[in-house]
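Look at the two complexes coming up: chain A is in both, with chain B in one and chain C in the other.
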Partner chain A sequence: MSVADSIRDRVGSDSDPNDGAGSGLKLATLLTYLFLYGPILVVVLMSFDAGRYGLRWDFTTEWYASLATRSDLIGSLWLSIQIGIVVMIISTVLAVVAAFGLSRFDWPKRKGPIATYLIFVPLTLPIIIYGIGLFVFFTQLGIGRGFFPIVVGHVLYTLPFATLVVGAGVIDLDRSLEEAAMDLGADPLTTFREVTLPALMPNIVAAALFSFTLSFDEFLISFFVSGGGAVPLPVRIWGMVRADIEPEVYAISVVVLLISIVIAAMATRLRRF
Partner chain B sequence: MTSTLHVDSVTKDFGSVRAVEDVSFTVDEGKFVTLLGPSGCGKTTTLRMIAGFETPTEGRVRLGDHDITTEEPYLRPTSMVFQNYALFPHKTVGENVGFGLKMRDVPADERSDRVAKMLELIELPGIEDRGIDELSGGQQQRVALARALITEPEVLLLDEPLGALDLKLRKNMQVELKNLQEELGITFVYVTHDQEEALTMSDEIIILNEGEIEQRGTPTEIYESPRTRFVADFIGDTNLLDGTYVENGNSAAVECGSVDVPIDSLSAAADGQSLSVSIRPEKIALGDGAGNGTETAVTLRGEVEDVIYQGNVAKVHVTIDGTELVLEQQVIDTVNLPTPGSECTISWDQENTNVLTG
Partner chain C sequence: MSSQDDVAADAVRPQPTPETGTLRERVLEWADSEVFKGAISLGPVLLLLTVFYAVPVALLLIYSIFVEDPFASGLTFEHFGRFIDVSAITSLQFSELSYVRLLGRSIGIAVIVTVLSLVISYPITYYLGQHAPERWKIALVMLVIIPFWTSYLIRTYAWIPILSNNGFINSALTTVGLPSLPLLNNYIGSIIGLVYVFVPFTILPLYASMEGLDSSLIEAARDLGASRWEAFREVVFPLTLPGALAGGVFVFIKTAAAYVTPSLLGGTSGRMYAQVIETQFGTAFNWNFGAALAVILVVVVLGTIWIAARWGIDVKGSRGLGGGGL
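Our next item is the complex of A and B:
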């Protein structure tokens, strides 16, 4: 049963004639969703609003048209997508390796849980510390800011999440599937390719999508290590809203929102995650 | 080519736990041998050592003259049917069954011919394109069998393959498996904890307990002549009496509390030694009819304590000076069942008394 189903069960169907509080519940539910989606709705409405400061709302698509001419915003969007894809690939490959290492390697006594713990500790650490650390690290190395430092920072940030998602699959993986493949004549590499990898594919794809969206949204690390012409979209937007919000920002926010919705829909279709 | 399977003095330790201790047996080509025992007795570990998933701590596994103790599982001429079937969920039935052939680089058209033939053999023709999750438990079991058999293994290893099926299907599959094995002439090593399954299908049964072999024999030998207390107790229902061995001139007996059970004198046992005896309930008759004059009968008098009617048979509990024995009677006419509280005579052929030395 999905979370939504169980909540529906508990809230009760609204056709229940004995439910005197029905209309109250409806209102409460409506307000909850308004609270959840209100800020997003505001951005969407603003992106179609012709008057920038007026109390009247007039429909227009002009900001989307002018967005196409804003090479700074489009450039940053494209950069964020590129970073997201590179981070997704590196993070997912490393996550598969890490997940197998953690669950399959013959760890010496009690070292296994410690290794697992150390992989997941970064999930709880303040991200800003990563940002500062990476900034100092790359400055000392003389690399400075740019595409490569952002990718490294994002991989550090997304890897624990991706490992968690792939690791869940590795733990659930039925070892007898791999044994059956070997029993039928598949060497370890063929077994991995023919059986292990396909069985883990839903988790691997979920980890990849997860890595992409985390990187695509990431601000704090990017803020510290971006520059030199490489400014990802969240940092670019932040730079633009300090003084005054240009209407193209609303438009590009809606574009970003659509990209996120598409990825979330893809992830939801993976049954196992 | 003779490819007798030899398991020679195999021991397996998992850390400080000894799962299998000095187990030796051979299985002749074309035989159906069952490793039978309670969970944790080492039967599955033994099977996995034959398959190559575990390496013995000590001892060797040979197939004919070929030592396969440390050979990789994918190089061994053995196939395994797993307890949960282990069918590849992302592959179709045809891809599952043909997997072993693909690994052997059999061309695709020959592969599909052989898959089709194999599916006919298991009486599920034409289901190549179905997904695994579209099959019932019984069908999955057959497909798993087909996948293991298609590579024409020298030895088929089966790890409780019928455990997940319901009773009726299990009974049908027992007969089918046995027929299939006889038809193909492949050596089967079968692991189960179900004694009835073992008795039904096996040419020979090896009984394992706490990692060691208790007894090996045909189903008849195992059932009729258990040698140890464990075997007598594990296989079927029985009356187990613990006592001491008493020798008196030409006769001998085991004194079990209030009951003396006469036995043939044992050269191996000393006077006063602790021994157990086992008498199957169905070997004991009401009245002194056992023996028919030709055999030596054991006759005892007691009181009927309880009669439990079970349809085709009735279990009659009889106490002899406080020692309870259970006997099983065919119910031909319910009127003839004894009434609790009544005096009775019971008897059995002395040769049906099994003296348990271990």
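Our next item is the complex of A and C:
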């Protein structure tokens, strides 16, 4: 290695041609992105394809046009949005409360970690187990399937994610701001409203957006507890894919992907890396 | 912040002005006790978790040990006995152990998917963590995260037009005169779909490890004459292994319980364990046996996490990234 090279190393430049990313590494990275986005691109292509699978591609927008006539799909889309909004509100409020509970207060030794684990158990157990359990639970209660069981399932499913996002903000929060407010005469409630809440707002909004998109895309829990006229869009799409005769499935999927990608992109930007 | 600081802050904090009202003052005073704070902040959440999470899951455990209706019929182990057929084991008729074999295949597929996810994750995370230009880094990481937040159902069935007999890959192969490959409705379809759906779970924790890796260690190894591969093997790999294992365990437990992907892409040879659980509730109407199969899956998942924890793998770390980091 030349003197120039070692100087460049020492000032921390990344432009060293010998030690920079090899072309193999760049190629592998590129291929991974292709792997991640290829199938999404395929869905978009298929939604504009008049024929079926294969390399032949004839442009058409007829599937999007026929979406407008599918009242079942539009009804399910609207239902998924409604469920998503209700779940988002409940989950975010609970997440803010739980995040403070987990990170702020002096727990008796050992109880703090137990509370943390309890909240995060739903992240570990298979979702299918929870979906089936919830189905059995609501059947036993005589409530059966429908809007309420779906909302309950989605709240429990999104809550750990939302709590993590808000909790990260609570941990990062500069407590001297709150102390300064208190020193200046603000009571705890005013401090929370005027200082803590605004500082946490990016995390809270991100948690809300994540909760919405998780609920909007959730399939397995809905699969077991939906019914009685309340069929969310992913369950409807599942039926279309299983039947394999409805080409509109790609068009409605593009609509779903657009909604989730826009919301996920907004939420990821809000979150600090 | 510690309670001593709270006390100190209280001492210098001016008292609330009287016109805020006595109710408000009483509320504030009450709200100052730690017990109240803990109860009010986590109470509702823990109650919700108990009623709507713990009870439904416990209900499955209860169903699994009753002949039929819980508490209205006798206790039994027959449902677990149907899973682990002792007579089939003693008579060495292992082909009769269809449920055990299915669980074994699911675990096997989960191992393959985990290994493939890790292999795919290393180059991209090494590039993103160590070589990506600073100003593109956040955008590139976001590009990995975003598909993760879109419907896995749609991202899974997107593979059907790619893998099917008249799909993109096989159309391309036959166009150039090669024989077509059976990629869909078998275990290959399951594996490809599962890697695709779960690879972000290994990419994200591994990226965190790669990002935190001090690049001067790699430079030092290279200055001392190590080849790129040797530097990776001796420096990068051991230092990023915890992140890789944490993500790997998570992919494993997710894959072992997969339902959607094998149902859409797996056919018969790619059939997985969670599918027979669903069958018991969806079409066979044998809730008790289905519950027993579900309990066995939970034991496998919790057992995996327990073993991982004993090996010092921080599964919670990957959850932090897998959940909040997404």
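A few notes on this one:
Rule of thumb we're sticking to: the second predicted complex is superposed on the first by the 234 of 273 C-alpha atoms of A that agree within 3 Å, B and C clash if a C-alpha of one lies under 4 Å from a C-alpha of the other, contacts with A are read in each partner's own complex, and residues count from 1 in each chain.
In the analysis below, a residue touches a chain if its C-beta (ideal position, glycine included) is under 8 Å from a C-beta of that chain, and two chains touch if they have at least 3 such contacts.
As the structure is a computational prediction, the values presented were derived from the model and not from experiment.
Once the two complexes are overlaid on the shared chain, A:182 sits against chain B and chain C alike.
Once the two complexes are laid over each other on the shared chain, residue contacts for A:68 go to neither chain B nor chain C. Of the two partner chains, neither chain B nor chain C is touched by A:171. Touch criterion met: A:199 reaches chain B, while chain C stays clear of it. Chain A is touched at more residues by one of its partners, and among chain B and chain C that partner is C. In the superposed model, A:115 makes contact with chain C only, not with chain B.
Looking at the shared chain after the overlay, A:94 reaches chain C, while chain B stays out of its contact range. Taken together, the two complexes place residues 179, 182-183, 185, 187 of chain A in contact with chain B and also with chain C. Put simply, chain B touches chain A in their complex at residues 51-53, 72-75, 78-80, 82-84, 86-91, 99-100, 103-104, 147-148, 151. Touching chain C in their complex are the following residues of chain A: 1, 6, 9, 14, 19-22, 25-26, 28-29, 32-33, 35-40, 42-43, 46, 52-55, 94, 97-98, 100-102, 104-107, 115, 118-130, 132-137, 140, 152-153, 155-156, 159-161, 164-165, 167-168, 175, 179, 182-183, 185, 187-189, 210, 213-214, 217, 219-220, 224, 234, 237-238, 241, 249, 253, 256-257, 260-261, 263-265, 267-269, 271, 273. Residue ranges of chain C in contact with chain A, taken from their complex: 1-3, 9, 12-14, 16, 20, 24, 28, 31-32, 34, 37-38, 40-42, 44-46, 48-49, 52-53, 55-60, 63, 120, 123-124, 126-128, 130-131, 133-134, 138, 141-155, 157-162, 164, 166-168, 171-172, 175, 196, 199, 218-219, 222-223, 228, 253-254, 256-257, 259-260, 264, 274, 277-278, 281, 287, 290-291, 294, 297-298, 301-302, 305, 315-316, 319-320, 322-324, 326. Chain A contributes residues 174, 176-177, 179-187, 190-191, 194-195, 198-199, 201 to its touches with chain B in the complex.
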